[in-house]
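Just below sit the structures, each encoded as structure tokens.
One chain, chain A, links the two complexes that follow: it is found with chain B in the first and with chain C in the second.
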Partner chain A sequence: MTRDVLILCAAGMLVSAYLMVGQKALFTAIRLYAVQSLLLGTVAITMAIADRRDELFVMAALTITLKSALIPWFLMRVIDRIGIHREIEPFLNVPASLLVCLGLTAVGYRVSTGFPEGTQGVTHHLVGVALSMLLIGLFLMVTRKKAVTQILALLTVENAVFLVALGITSGMPLVVELGISFDVILAVLMLGILVHRIVDRFESMDVSRLSKLKG
Partner chain B sequence: MNLLVWTLAAPLMTAVAGSLGGPRRWNEATLIGGLSLTFALCLGTAGQFLGGAIPTAFGNTLRVDGLSALVLVLCGFVGWVSGLYGVGYLRRNDAGGFLTPRMLREFYGLVPAYVFAMLLVSVSNNLGILWIAVELTTLASVFLVAFHNRDTSLEAAWKFLVLGSLGLGFALLGTVLLFASAQGRLGEGMSALEWTRFMRVAPSLHPFTLRLGVVFALIGYGTKAGLAPMHTWKPDAYREAPSATGVLMAVGMLNGALYCLLRIHLISKAAIGADFSAGLLLTLGLLSVLVAMPFLLIQWNLKRLLAYSSIEHVGIMAVGIGLGGEAGAFGALLHMTYHSLAKPLAFFSAGTLAQLHRSSDFDKIGSGTLGRTPVASGLFLLAAVIMTGSPPFGMFFSEITILRAGFTGPHTIATSVFLGALVVLFCGFWYQAGRMTLGPDPGRNANTPEPEVVDLGMAVALLTALIAVVSAFYLPAPLTALIRAATKVVGGGA
Partner chain C sequence: MGEALRAAVFAVLQAALLLAAAPLLHGVIKKMKAAFQTRQGPPLLQSYYDIAKLLRKEPIRSETTTWVYAAGPRVYFATAVAATTLVPVFVTAAPLEAVGGILLLVGTLALGRFALASAALDTGSPFGGMGSSREMTIAALAEPALMLGLFASALAAGSLNLGTLVRGLAEQGPSLHPSDLLGFASLFIILIAESGRVPVDNPATHLELTMIHEAMVLEYAGPDLALVEWASALKELLYLTLLADLFAPIGIATTLTPATALIAVTAWSMKVFLFAFGVTLVESTNAKLRLFRVPELVATSLGLGFLALAIRFL
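Here is the complex of A and B:
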């Protein structure tokens, strides 16, 4: 039962990452991120129940309130204020991007077999999904132009790191986890403020226009 | 509370006081007073260490060994001079009417906050806290990069924050993997991530997980250090940041990130031998030195020139560590010390030049500045002599030490390439510095700079010149003792 829930959640996270790659409406992309974080929280809760580790509940609560509610709300507000709702044509079109992501998933799964726990079912899937998401996040980062999409890519990478942490260590020490979450929130806030300032000055959040500095 | 806690509390309180705003005199006094006190406390903590104690706080979370003590003192020093120069910088800008109250609050709050984060990095014994502290240095510096709120400063700040966060994501994954490689041997709770504990269980770490973790952590912290190919944020950020904060990044962030790299390297060395992480560091370092080469030669902006020079220097340090052995480590740490002592001069003289000419682009500054702004140009020439590693200044000796370690070790080909690159970099820096300061005066078409006056900024630049020159001939005995202690941590017990 636990096993099935974990694998289902991990698969859901991977699917949400793929959907994000195929998505141009920014609102939907943010909702996908919220769903992804919710699934991450579910993974943490499931493990907390199965292994009787109370501090994982704290981490799950934190993930769900911050990442599937607060951060998406904040990002949506940013988009609303600046009135830009769609990603423009990415550097690589959607079908090609999805194909690349398929390759990245294969790489992620291949690497995950090297861990000592790698041959056991659940950990293998969690770590495989996490590493694939990490690569997909990086890929999103380099191929998308809108500032908000880049923030989402960063957050996807961050979710992937947390999934690795859950998969192979069953969670980092709580204090560290809290500190990390606090830093992530701060970083998102600052990114939001910067997006505001950028839109104010450039009347666009197309980061490919940020190209004056060279050499 | 013990001294170590006070050392961290002092800049934090200064930051709170600064961010509240208030009359200018009061802000200036708190910034300078707070950062001077911080530097004094850093010296005190290092003194405790030299006295034979190992200062710790909050259990073993903060711990000052030789390496920490050296980085702590250097960061404290840089925080202090940058606070002094920062006040002068703001006064100059205030006279021009460029500053809003928000900018002042940001500056007075974020500079000490940055110093706090930097010092926290240098005394962290816990890999989790270390990561959090490095992230704090990033967050504290974003709005310092965006300080002037121009198009280009927003671009620089955006690139800096996105690339920095991505790098830190990698570093976090690296930390998680290192933690996982212990397979539960580290125990539970906060103390499980302690570096000293890692060192104790090092031989039993799982090799595959460890290697993967080391790669991610080195790439992640290497991004913050500005090692190629993750260096691309550096030129932009240095150009846009005010000189006072530029030097905080060029020395503070560089030393802090190097500190993280060293801690990871040491764990890896204790677990699977030095070759793996040393090889990575050597590759990244060599790549940085090579990447800096063409960009120095074609550079069009004074502060970006300093950024590429800083990429060169972090490359030199990484090569020193990568070449390994006690000699390589000693060379690298000596280089770090001399670099930290001399870099403020380079930044403050370049910053003064740029402020006098109202631009840091070479074509706007024009050639032959020595005739128009003799003091600032003279200081910059002095900085060029020191930064390029010319004898008799310190970096010449540290570079020779590293080269000697290289040629006596197994990596002779890499060392030869390194030597060749150093020669080209020397010529490149001098080509640019010479063209700007000594070239023919363009005559009537010249950009007429504002007259040089001896204000606080200039006085601080002169002070840093004095420190940079004196330190070449005389390093105080406690400082050499610290370098030796740090070398023992890094290079000892091969």
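Here is the complex of A and C:
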């Protein structure tokens, strides 16, 4: 039972990462991120119940309230204020991006067998999915032009790191996790302000314009 | 000889049951969609009335058309019915599973699509040609995605034959693998693309710029149209049944007794209803995609299908 829930949630996170790659509407991408975080929270809760580790409950609650409610809400507000709803054509078109992501997933899964814990059973899938998501997140950050999508990519990477930690050590110490959570909120808040500034100055969220001279 | 006769009777029974149930599925989806829009919607049995009315009418065909035009709906209907005999529905055996498996199923459905697309070209009207070209563009991506999604399940059960495949899955019991979810997501997108549901096509409108399936069958009237609509409903029911078979083989009968049969029929209708609800949810919450964005969606499904297959080896 535990095993099935864990695998279902991990695979769901991977699917949501893929849909994010194939997606251009920013609202949908944010919703996908919220779903992904909810699934991560479910993984944490399942592990907490199975291994009887109470501090994991705190982490799960934190993940669900912050990452699947507060941050998406904040990002949606930012988008509403700016009034830009779609990703423009990324540096790499969608089918090509998907192909690259397939390769990245293969690499992620392959690398996950290098961990002593990552060779069999649930851990293999958890770590494999997490490493794949990490690579997909990095790839998204490099190829997308909108600042908000890049923030979402960064958050996906953060989710992936959390999932690796859960898979290998069944969670980092509570203090570390709390620190990371507040870091993430601060980062998102600051990036939100930064996006406002970029839009103010350049009248676009396209970060590739940042390298142009503005006189 | 007795074996072949039994299979034939089984095939006819199952096909008749699915044919009878298919218009109801459309009715249920329309009703649920109307409920989402706080409308009352057409009565549940409206699709039956429509088909009965169309079947009674006199067939009217354009003078410029040839036999290809008349054959289109008939081949489309026949292939849809033939496809139902290759898929296990209530029992863990397909009536004609000795004939072929996944590849035959995909091929049969492709034949129907080919017949309808060439029939639409035969009319010489610009809408027909446009519809066929669009349908084929999507099919070129959707077909391999369908195959990959089915192959991923076949790999888990160790057989390309749908009967053996479902028997294997039912024996294995519920043991999840990430590839199951990836394959499900892939096939769900294909279901939406193939049955012409909202993000891809809109079954409720005849807007010239957006329609795909409706553009192809625009010229048909009377019994021809009835066959096309009935076959489309049957195809949708078939895809839903496939999803239920491959990803939730719960309650399907392994041996045939009255009790297991009753459970199997109930379980099947519940599962199909649930998936139909999912389709309605997607249809009600999404806007139709621009035509040139549709290949991107189907490519996503292709990617997921490929990943579902690849992840089994990693």
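We take it that the second predicted complex is superposed on the first by the 211 of 215 C-alpha atoms of A that agree within 3 Å, B and C clash if a C-alpha of one lies under 4 Å from a C-alpha of the other, contacts with A are read in each partner's own complex, and residues count from 1 in each chain.
Everything that follows uses one rule, which is that a contact is a pair of C-beta atoms (placed from the backbone, for glycine too) under 8 Å apart; a residue touches a chain by one contact, two chains touch by 3 or more.
The shown structure was predicted, so the numbers you read here are calculated from the model rather than taken from an experiment.
In the superposition on chain A, A:154 contacts chain B only, with no contact to chain C.
When the two structures are aligned on the shared chain, A:134 is found in touch with chain B, with no touch to chain C.
Touch criterion met: A:210 reaches chain B, while chain C stays clear of it. By the touch criterion defined above, A:180 reaches chain B but does not reach chain C.
Of the two partner chains, chain C is the only one touched by A:106; chain B is not. By the document's definition of touching, neither partner reaches A:50: not chain B, not chain C. In the superposition on chain A, contact of A:169 is made with chain B only, not with chain C.
Contacts of A:7 after superposition: chain C is touched, whereas chain B is not reached.
Counting contacts by the rule stated earlier, no residue of chain A appears in both its interface with chain B and its interface with chain C. Against chain B, the residues of chain A that register as touching in their complex are 111, 114-116, 134, 138, 141, 147, 150, 154, 157-158, 160-161, 164-165, 168-169, 172-176, 179-180, 182-183, 186-187, 190-191, 194, 197-198, 201-202, 207, 210-213, 215. On the side of chain A, the complex with chain C involves touching residues 3-4, 7-8, 10-12, 14-15, 18-19, 21-22, 24, 94-95, 98-99, 101-102, 105-106, 109-110, 125, 128-129. Residue ranges of chain B in contact with chain A, taken from their complex: 126, 128-129, 131-132, 135-136, 138-139, 142-143, 146, 149, 151-152, 154-159, 161-162, 165-166, 169, 172-173, 175-177, 179-180, 183, 188-190, 192-193, 206, 208-209, 212, 235-236, 239, 295, 298-300, 304. The residues of chain C lying in touch with chain A in their complex are 174-182, 185, 293, 295-297, 299-300, 302-304, 306-307, 310-311, 314.
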